[in-house]
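Chain lettering (A, B, C and D) follows the sequence in which the chains are written, and residue indices restart at 1 in each chain.
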Amino acid sequence: MRIVVQQEAFDAGAELNTFSAAQVNMGAVVSFNGIVRDLPGGGLDLMEIEHYPGMTEKALEKIALDAMARWDLGDALVIHRYGPLKTGDTIMMVATASPHRKDAFEAADFLMDYLKSRAPFWKKERAAGSSDWVASKAEDEEALKRW
Amino acid sequence: MRIVVQQEAFDAGAELNTFSAAQVNMGAVVSFNGIVRDLPGGGLDLMEIEHYPGMTEKALEKIALDAMARWDLGDALVIHRYGPLKTGDTIMMVATASPHRKDAFEAADFLMDYLKSRAPFWKKERAAGSSDWVASKAEDEEALKRW
Amino acid sequence: MMDVLYFAWVRERIGLPKEKIETQATTVMGLIEELRAREERYALAFSDLSALRVAVDQELSEFDASLQGVREVAFFPPMTGG
Amino acid sequence: MMDVLYFAWVRERIGLPKEKIETQATTVMGLIEELRAREERYALAFSDLSALRVAVDQELSEFDASLQGVREVAFFPPMTGG
């Protein structure tokens, strides 16, 4: 299990390959990449991600341990960036490895739902000189009830 | 949409990066990698994958088009190998890109379920001099009813 | 004249991957009956249809599918890709 | 003495990321009442608790959580990671 919180860019493909290569007899690897989207009308200059150093790592580790306990996983990976990002930049990734595709899919889906609403990250969008904190969505909180 | 059926190995991480980089404003990319597992007791010498040239490509394309029609996807990728493979080799991958993580996850899950039972591939396991065709699982056929 | 293809253990049991067949059968099931009547190895390969799948012109089909205008029929076990 | 941290718009509204606070409050809610009474910017930041979340010693908590032995309390809006 590996949890990384960093400002620097990372290579999602290389991370996926390293993660897959480290597994022993896991037939299924699922990954999710989160990528900065532009605003609906365009014009995003910057997305800034603030986080809570110390708590962030603990929260992500707890979520990953929960996933490892609930599904038949060999391993889990979470990488999340903070700081200023641009449209098209990779914000974060999770990966799961399991003997079974169902477990790998569900656990990655679960990691994303919890990470989204329970890990202390906040996004701010900067466009045309003004900036706004991204509002949390009721559907994201709702999504947790699936698990 | 890209469908590839080939004997050669491929770099799943590099494919994922190329796929992600080609997207415009897709915030969510999900990938699945299928990897050759050893036999429960160990000793797998080779896994051979047979396929039906011509029909394979058509079947995969149909499954990918179905996924594009059912979910809000920007793109989908399927790569599947045939021929002799060893434990730890990557057999195949799918990737989906969407503005929404739910769509990306469900579509990748759907692609895998259909690919598993509706694309003409057959696996044979060779161990200790003898070889056996992998039997299809009732649970794989069952999984299609989710969609 | 029609191409008939066999895959996986069906191919192994019949002993060849592909053959050209002249048939009067109008459905897949009719073709299977003809093949069964040919030789023991065919009868064996087609003994349990629940273990078989068929594709007609490269599309998964049912055993009662028509052979009208069909150029290629393939028989194989349930698929195990992924 | 306790560290109190603010993130995102809570930090912006109050105007600082962190401060040390000497408090008699025994619960998070008690601490919030003290802060609200301090200055307009605090009252504003804590005006709608449904828009706020709290972490006590770096664990998500409820507003009625005890402050007994606590070293760090953080206030912030609902999280938007991923």
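As a convention for this text, a residue touches a chain if its C-beta (ideal position, glycine included) is under 8 Å from a C-beta of that chain, and two chains touch if they have at least 3 such contacts.
Remember, it's a predicted structure, so these values are computed and weren't measured experimentally.
Novice: Strictly by the touch rule at the top, which chains does chain A share as contacts with chain C?
Specialist: In this structure, the chains that contact chain C and also chain A are B.
Novice: Relative to chain B, which chain's C-alpha centre is the most remote?
Specialist: When every chain centre is compared against chain B, the largest gap points to D.
Novice: Counting only Cα atoms for the centres, state how far chain C is from chain D in Å.
Specialist: Roughly 72 Å, centre to centre.
Novice: Centroid from C-alpha atoms only, then distance chain B to chain D, rounded to Å. What do you get?
Specialist: Centres of chain B and chain D (C-alpha means) sit 48 Å apart.
Novice: Could you please state the distance in Å, as a whole number, between where the Cα atoms of chain A are centred and where those of chain B are centred?
Specialist: Whole-Å distance between the two chain centres: 23.
Novice: Among all residues of chain A, which ones touch two or more of the remaining chains?
Specialist: Each of 34, 101, 112 in chain A touches at least two other chains.
Novice: Residues touching two or more other chains, restricted to chain D: which are they?
Specialist: 82
Novice: What are all the chain pairs that meet the touch criterion?
Specialist: Applying the touch criterion to every chain pair yields A-B, A-D, B-C.
Novice: Touching chain C in the complex: which residues of chain B?
Specialist: 34, 49-52, 54-55, 58-59, 80, 91-92, 112, 115-124, 133-136, 141
Novice: Hey, which residues of chain A end up touching chain B in the complex?
Specialist: Interface residues on the chain A side: 11-17, 20-21, 23, 25-38, 87-88, 90, 99, 101-102, 104-105, 108-109, 112, 143.
Novice: Quick one: in the complex, what on chain D touches chain A?
Specialist: 5, 7-9, 11, 55, 58-60, 74, 76-82
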